[in-house]
Structure formats: structure tokens, C-alpha cells
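Below, subunit A partners subunit B and then partners subunit C, in two separate complexes.
Entry: the complex of A and B
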């Protein structure tokens, strides 16, 4: 009996010796975590994060994985639903970071959730990529320096003064051309919440830097009847009305504004031309749409078109915020490339590598790089819907300003 | 007040059956002790069961809610006054802790009495005019408190961090115990939960608790007997507010980031829902309510929309079938079973 066991043991050892070189080709995985709303109120933004990261992980793994120092690693994706609840988001983050020992985390869709998450990823030296532009309020040269609390946090969206600047330039260019007269007065509608407050202070400055007199109207986030606020806006005699920032809410407010004939032209932030066309929406007034960061309904480059084709072919939903996936997709590829070039998964060395790298992604025509506050720079696409049509668009991608306008804190 | 006495226990005494005969002998000391002892051991021993960071983190959230619910249980379960503004009172404690830490470098421990007292003071200020009317009016006023509180926070500029909120560093190390570790933070939250339940029991079994119950049962009669109804209602709301303030302080040190959204009308309604589901008149009702709403949907992987539908249906069922909440239902189920066993 013992002899038989010995024989089996020797045979097993011999087999494992033969199999050894084959196993050495793949040295386990690099764990990537995603925390985003797959259910609950934020699902339309949240599900794009998981879908974008999943596509990038699949492409990298199908391409052979990540080659680090002569060894090949597959990416293991661990997807968690935060259920649009900060307590669940924190619990999921702690599980991924402390139990599953992930190397990098992508998400979340909410400013508050993302900030709380940095308190977990930072001490554990887990890289966190998040698209919330409002993180710019806490990303400083000191906080992202080695040893700083946000050293491992990266904002995958441009500083808000750049996104607002790029958007304002595109909107005014397209609407000015369509309306055919100089635009002077603007009213900005914005949700009175964390994101809305942060965004509006930059967008107002961007419009003013482009010669506009701006009145700001804040609406409670749960507003559905905009009539009283729109009536007030009409009394200000605006040339243009700009609706920020929630695409779903914007589509509720916009028809009410057109009905009241509040302005000569409109801008809807975060509504993709694809959604406009799919819903067969028609406006009698000129309206511009912008996407975060580029539109799947009117991709500005062959690379972007190819990306969205692959994204939707993988089963992702065509929605108002589908393009948000691009705030995460490129950065999985970038992280993988950084590990390859650093020759290690060591978080400090990978962060140092990312800080000095330039990466050519889908989201930008020029290579991406993180500035000294761990923020990227790229332009935002704006499209004009030809009045009376639902599928005829004229789009512009205006470069963002290099410097913030007067009075803007460069957030 | 015999009825009130039985309500203060999680395993009520066997009640006389209809017709006056006693259905079963009195509960033994072991029967009385087994549930509290089991809960105590589970609460303290949870980290040693290696539940993983996800469940431990959810347990801290459950604990935070339980602390606030103990206060609400005193207000609603004992005095019969429902508040749907408790999230705002939690917010007072949370923001007090964050602002005191930022501006005065005050530690968690030093901020603890401040958070409790400030939340109690705010409750007193709100209660002073509104408890004179009572009933549904008080519910509406506390609901409005949440709306007002979030507006003040959102427009509070740099002082409140506006809509972006405030950040805070972890509690840190005290006597060699590092509270930035989740296990230790959990034990701290568990200690606060046990202390809250202990304080709740103290109120329930004291003469003050009996006074509150007399107000709950018949306000006019209580006043006729010389009870200062108005004063006791305000004090009960202030005590309840102090619990909420402590809960908010623990929450801000757990999340390390707070914003107005956490303390609006919707979270307040959830807190009211929890106390009704768990059982406001039972000692372990708050813990059960927080467990059902905070912990169970995540463990059962319920979609949030499905969970909300389930809460609505559950609340209707509890009101119809278990008016004392789930804990009271379980206690009565035990007593019924026991009675059957004794009879057989």
C-alpha cells in the first residue's frame, strides 16, 4: 500500500515538473476591483463603470495578459455593486482592499462615495481611478505627493475649469453660428448638490471668460416641475439656457423650457446624441448636447467609434451616460502598461511610472498624462442638433484652456 | 403599569390568559438571560468569527443606526412620540465632531459629550415649540427639520463644507488600541451599542420610564395626575437627540467623510422604519430593526428597489400582524410555544 502511494507521489512530482514551465507562463493574476452602482438610483452612471472596465480587462487578457519582468499576469476582475448606498460602497471597498487584496480600484460614480473610498485605498496602497471631477477639490500637490493621503488616487476626468472651458467654447461656437447673432446673456441651471455646486462655479467662470453675462439658478435635486424657475429665467431675457448636470433631469427640464420659449438656444449637459436619436426627440429651438467625455451617438474619431462598437457589442446598455465608461476604460490599459514599463506591481513604483508616462488612449487625440495633482487633460465633445431633426448633428471638439479663467481656483 | 413593566423585557412575562388563568409559569432567570447574553457574546465576539471586512463594515453601519434607534425607541416606544427627523439630529452630532476636529483639533473622546449635548440642545429647541402641538404636527415638523438642516448644510459655505461635505481623520490610537483598524472600530461601535441598550433599559425600568409610558397611554390622565407632560416630552426628545448625536459622531469617524445627503428626509424615514420594524417597546427592537434594514438586504443580495418594496410590504404586515414589531412577535411566539409545551 505504502509502495503504491510512493509510486503515485513520484508520478505526481514528475508530472508537476513537466507542467512547471507551462505554469510559469502565467503567474497568477493582478486583481482589479470595481465598486459602482449596478442597482439603485445611480445605476445609469454606475453600470457604465463596470462595463468599461470589464471590456478593457477582457481585451488585455485576450491579448495574452500583462507581461511584467518576463512573466505573464492575467487581470482578475472583482466587480461589486454599491447599491447606491454609501455604507454598502464602503463595505465593498473594504472587502476588495482588505480581504481580496486588489491592486487597483475603479469607481465609484459618486463624489461622496469616492472620497470615503480614498480613506480605505490610500493606507492600503491600492491605486484608485475615479472619474469624479469634483475630486479636484481635494487633489492637491501636497495630498498626492509620496506619503500624502491621496498619493494613490487618480482623477480620470480633466480639471473642471478645463472641461467647463472646452464645453463652453463648443456650445457658444455652435449655438452662435446657428442663431446667427452674438450671444451675450446666459442662464445656468444646476442641481443644488455637491456635484452641481462644484461644477457650476467653474462653468459660470468659463462662460464669463467667453464674454457672457451669467445668471445662476440652482434647483433642488429632486425637482420635476421647473416651470417656476424657468419663468424666472425667462424674465432675465437670456440668449441661451444651460442645463447642468444630470442628463436624466435635463431631459425633464428641457421640454418645459422650450414650451415656455425661455431662450433662443439651449445646452443640455450629459445627453448623448445617441439617446436623442434613439428616443426620436425633436426640438424647434437650437439645442446643443455634450457628453462625458465624447458622444457614442456621434463619435469624433474612428478609434472612438470602434470603442463604442465593441462596448455595445459586449452587451452594455445604450444610455444617457454610456460614454462615462471611457473615463475608466483607458485607465485599465494605462495601468497595465505602467506595470509592464515599471516591471513590477509594486504600487509606489507603478504610481511613479504613471506620473511620468504619456498614454495614447481612445478618449483623447493627444496622449494623456496626469498633472501634478493627478488629473488628466482632454477636450469635451459638443454636438448641435439641427432644429426639427432627431438624427442630424454638427459636432465640435474645442481644446480646453491651458490656464483657468480669472476668479477660477483651477479646480 | 404592569403592562408597561412587561414591555421592558425582550422575553415578556407570561401574561394571564383570557379569563384570568395563568397560561404558563413565570420565566426562569436563565430564560430571561439567554437572549441578552447571546446578543452580548455575538456583538463582542463577531471579529473573532472572521466575518470578513465587508460584513464587519456593514456591522459598524448597523451599530451606528442601532445607537440612534435606541434613542428613538425611548421617544416613540416609551413616550409615544414619533420623530422622522432623527437623521438631522445624527447630522448635528456628525458635523459637530467634524467641525470641532477641524477647527479646535478636538479628539473623538473630547467631542463625544459635545456632540451629544449639541444634538440634545437642537432637539430641545425644535421640541420647545413643536411638542406643544404634538401628534401628526410634530411628525411634520421633524420632517421639515431634515429639509431645513440639509439646506443649511448645503449653503453653509466653507464652515459646513457646503454640498461637498467635510473630511475627518480616523480616531487613531488610544492606550495602544488603534481605532483606524476596522476590527477595533467595530468593537468601539459594539460598546456604544451595548451602552445604548443599557441606558435604554435604565430609562425603561426607571420611574421616569413609567412617567413617559403614562403620557403615552393617556396624556390627559397623566396631566391630571400631576405629570408635567410638556416638560417630560421635551426632555424625552432631548434624550433621544443625545443618542442620535453620539450615533452621528461614531458615523463620521467611521466614514471619515460626510455630506448633507446623509442627513436628509429619506434617511430619517428609514430610521423611523427601522424602529417600527424592530419593535420600539422592546429592548432589542432597535438592534433588530437596524439589522433588518441595514444588514439583511446586503447579505440577501436584494436589489435596493426590491428592498424598498419589501420594507413597505413588511411594514404593513408588521402593523397588521405584529404591532409591537418583529422582536415583540418573536417574544410572543416563544411564549405561545412555551405555553403549549407546559400544557402538553
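Entry: the complex of A and C
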């Protein structure tokens, strides 16, 4: 009996030795990790990260892979669900970085999660591309310098004062024209969590810089019945109510605001015109929508339209924040191009290459580049839904301000 | 004054949804002793069923009827296959219900993805009376809740079935010796409570879009209503729902808005400290069979 077991053990060892070359071949690829919410409260944004990266990886591999120094490397995608739970996100990040030895990580979309993740990717020299503008508070020239803790971290969305500034300009321009009178009083309605607190801080300043008196109402993140809070907003006599930042929650709160006739016009952050049209939503009041970075329901360029056609043809779900996928799609292509131009997968050389590159992707009409704090700049698209319609949009892409408004620390 | 009246109307609407969920929980928890934390997922499945029916061309009423039937049937299957086996160990049933939360969520995600689902509001009218706006669908939910409360109250307190049920909660052994089919009654209560969750889900999706994760948000409120009102006490659940709804409305209107939920749960803690048996008193749950 024991002899039989020994035989099996020897056979197993022999088989694993034979399997060796296959593992070696797999290690020769470039491993791309994704950590994002594919279930839980942030699913609408999180799902899109995996889908956008997956499309980019497929296109690169179908095109022959990444050509580095005469050799061809395929991209291997390792996709993990963080279930909108920071502990799961950290565990998944550790698994990808320590066990799977990934070269680059994309995600997460939750602000505090991303910051936590940099503690894992940085020491392991894994490049991290994450869209969260809250990274701006910790990305400094010192922290991203060689040897700095965030040398391998790249913020793929503009600094928040720029995104808020671009958005506020677009919203006020479109709503002001539609309402036909000067807009003075605004209420910003935001979830009382880390992301909401961070974002609203900048957006309030951006509105104030555009001549608005702003009241801020924070709601508990698990709220579903918003009528008591919206009635409070109504008591402040606002011209406009601005809902930030979770598109799904916004679509719960907004109809309640219209029923209560809270304001003359509304802004819904992170709700794509495409979803508005798909769900055949109609509002009697003027409403503006914005997408990060551009809307799949009203793409502002042929390249963006082509991207979203391919994205949905690949099976991605049409969601409120499917547009976020574009950010991650572009940055996979950028990373691949950087490795090709650097002629290596060595993280230090690839980071140095990215720092000096200008990359023309889909996300912006002008080539993107990372500044000395590893941040990019591009405008945010805002669309007005014509009252009483579900598929008539007027869109604007307002350039972001170069400098932060008074009181905004640019962090 | 206009704003204050609006907040009172809002409170009534908030309360009616909480009451609908709380009654199912208070009956199951109070009368059968089963602690089913997956009750929120039952509600979610009710909402998803309604969405499926409406999105395939059925009307809202058909969707709501289907939600009641599907979730009632789900309650029957789960009571017979899982919870019945844990009646003498309620803690096991509680842990099983925690597992059920994840399982039911993932079954729904597997077939219908995790994205938000919405239906057109069945009643879209909004009435304005003296500056106060009343949403027709919310008024309908208040009305439906009132009817459900009345039926349940009379069934529990006036019918022979209710009398036998209360007898079996007080002393199962004696009730069984008197010919009361206790286990069948437990199944019946579980099915009824589940069906109410199905109806709650239909009402919920008529008011707001829902996701597969809505249940865990709602269920805590349901348990709060059950405990504040007194376990198994329908009138208590109504009173507790009204208290919590009023707390929500007034704290959102006049307190720190981000503290709305904290106020409600602080009130719950205070009430349970002062009146551990709940506002109107209730059962301690039946003893093991």
C-alpha cells in the first residue's frame, strides 16, 4: 500500500517537472491585475474597470501582443472583485502582487481603497493606475520621485479642482441657458462617506468660484428614501441641486426631487445620457448629466463612439458609469506602448518612459501626459437633457481651470 | 409651516415602507422564533420578480401578485428545507440566514447581473395641496400598508387561527396536546411573513430603483421596528414604524442631515433600554419544540 503511494508521489513529481516549461512560458507574459467592485454598492463603476481593461488586453493580444526588444509578450489579465469592501480589496491586492507577481494594477475606483492599495503596490514596484482624484492629496513631487513611496502610482483622472471646475462650468452654462435666468443658489447633495466628503469639498469651491451661494447636504450612504432630506433642500430655495457622486444612488434620489419640485434645474454626476435614453427617463425640469470622462450615450468624438461600440459589442453591460471603462482602456494601451518604447518590462524604466511620454488615446482630443505629480488633465463632458425628452441632449466640454479656486488646496 | 407639513407627509410614507417590512419580521421572529436576517433578500427578490414581470410586458399589479406568490413559495421551501431543522437551535437558523443573504444575492446576480433595476412608476401623479406635494404612488403604498396591517391584526387577534397561533407561542406542548398543528402553523406564519416581504419588494421598486444589495439596508430597519414595537405585536410594529418614520423626517429636516440614521438607531437603543419588551410588549419567541 505504502509502495503504491510512493509510486504515485514520484509520478506526481515527474508530472510537475514536465509542467515546468509551461509555467515558465506563462511567467514570460506581462501580468495585468484588476481590483474593482464587481458586486456591492460601487458595482456600476467597478464593473467597467475589468471590462475596459479586458477589451484593451484582448485588442493588444489579438494584434500580436507587446513587442519588447524583439520579443513578443502576451498580456495576462487577472481580474478580482473587491465586493466594495476595503478588506477584500486589500486581500485581493496582496494576492495579485505577492502571489501572482503582477506587473501593473488597475483600480480600485473607491477613493480610500486606492490609497490603501498604494501601500501594497509601491514597495513591490508594481505600477498602479487608478482614477481616483483623491490621490491628488498624497501625490507630490517628492512622493512620486524615484525611491518615493508613490513612484509607481499614476492618477488617471485630473486633479479634483480641475474636474470639478470643468464640470461646474459645463453645468452652469447649460442649465443657465435652459432656465433663462441667472443661477445664484445651489445645493450640493452628497453621500457622507470618504469619497463624498473629498469630492464635495472641491465641487463646492468650484461652484462658489462660478458665483454660486452653496449649501451642502450630506446624506447617510445607505439612504433610499430621500424625501425628508430633499424637503430640507427645498426649504433653502435653490436654483439648482447637484447630486454627487454615485450614479446609482443619484438615480434613486433625483426622481424624488422632481416630485417634490425642489429646484429649477438639476445636475446628476456620473449618470450617462445613454442610461437616460435606455430607461426612457423623462424630466419636466431641466437636468444635466456628466460622465467620467465622456458619455457613451453622447460620445463627443468618432473615436469615443467607436470605442463604446466595441466595448458593448464585447458584452459589457450598459450602465450609468460605463464611461469610466474608457479611462482604464486607454491606460492599458499607454502602459503597453511605454513598455515597447522603453524596450523592457523593468518597472523603473517603464515609469521613466511614461513620465516623458505624450499619449494620444481616446479619452482626450489632445495627447495626455502625466505632470510632475503623476496626474493628467482633461475636460469632463456635461450634457443637458431637453425637458420632456429622453434622447435629446445638448453637450458641452468645458476646459478645466489651470489654477485651483480660492479656498481649494488643490489636494 | 408648508415644509413642516411636507415633512410629516414624508414621515408617513417612510413609515409605511418600514412597517410593511417590520410586520413580516415581527411575525416570523416573534411567533416562530426564527431569526431570518435574509428577510431583506426576500424583499429584494420580490422587487426583482416585479421588475421581471413588468419588463416582459406584464403590468405592475401582475408583477406585485407574482412577487407575493414567488417569495411566499420561496419562504415555504426554505422553511421546510432549512429553518425547520433549526427550530430547536435558533442560533443555527440565524447563521444560516446570514449565509442565505450571500447565496440569494449571488443567484440574482448570476441570472440578472448586479446592476440597478427600475420600473416606470405605476402611479405618476403628484397632487399639490396648499404647497404640500403628495405623490400618488406613495399614497397608494400607505393605503396598501394600512390594509395589510388591518388584515394581519384581525387575523392574529380575532380569528381562530390567530388564537391557536398565540396559544402555541405561549406553550407549544399544551397547544399541540389540544390538537393545534404547531409546526404547520409555524410554516404558515413563515410563508405569510415572506409573502409580505414580496409585497414590500413590489412596493419598493414602484418607488425606487433597486439592486441585489438593497436587502441588507432594509432588514436592519425591519428588525428595529420588530424589537421597538414588541416581538410578534402587529400594533407595536405600526407604532414603531411611525416613530422611526417621524424621527427620520424631522431629523432630516431640522437636525444634522448626515445623522438621520444615527438618530433613529439611538432612539431604538433608548427605547430598548427603557422598555426591553418593546413599546407595546410582545413575546419572547416560542420555546423549543
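Methods note: the second predicted complex is superposed on the first by the 382 of 411 C-alpha atoms of A that agree within 3 Å, B and C clash if a C-alpha of one lies under 4 Å from a C-alpha of the other, contacts with A are read in each partner's own complex, and residues count from 1 in each chain.
Convention: a contact is a pair of C-beta atoms (placed from the backbone, for glycine too) under 8 Å apart; a residue touches a chain by one contact, two chains touch by 3 or more.
This structure is a prediction, so every number in the text was calculated from the model and none was measured.
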Three-chain arrangement built on subunit A, subunit B and subunit C clash or fit: clash
Partner chain in contact with A:305 - subunit B first, subunit C second, else both or neither: neither
Partner chain in contact with A:99 - subunit B first, subunit C second, else both or neither: first
Contacts of A:192 with subunit B and subunit C, given as first, second, both or neither: both
Partner chain in contact with A:85 - subunit B first, subunit C second, else both or neither: first
Which of subunit B and subunit C A:125 touches, first, second, both or neither: neither
Partner chain in contact with A:40 - subunit B first, subunit C second, else both or neither: both
First (subunit B), second (subunit C), both or neither touched by A:138: first
First (subunit B), second (subunit C), both or neither touched by A:337: neither
Subunit B versus subunit C as contact partner of A:115, first or second or both or neither: first
Shared contact residues on subunit A - subunit B and subunit C: 39-41, 192
Residues on subunit A engaged by subunit C in the complex (per definition of touch): 38-41, 43-44, 47, 192, 217-220, 222-225, 227-229, 231-232, 234-235, 248, 251-252, 255-256, 259-261, 279-280, 317, 319-320
Contact footprint of subunit A on subunit C as seen in their complex: 3, 6-7, 10-11, 13-14, 17, 105-106, 109, 113-116, 118, 120-121, 126, 133, 135, 204, 207-209, 211-214, 217-218, 248-254, 257-262
Subunit A-facing residues of subunit B, complex: 52-58, 61, 154, 162-165, 167, 170, 180, 182, 254-257, 259, 261-262, 294, 297-298, 303-305
Residues of subunit A defined as touching subunit B within the complex: 39-41, 83-88, 90-92, 94-95, 97-99, 111-112, 115-116, 119, 123, 134, 137-138, 192-198
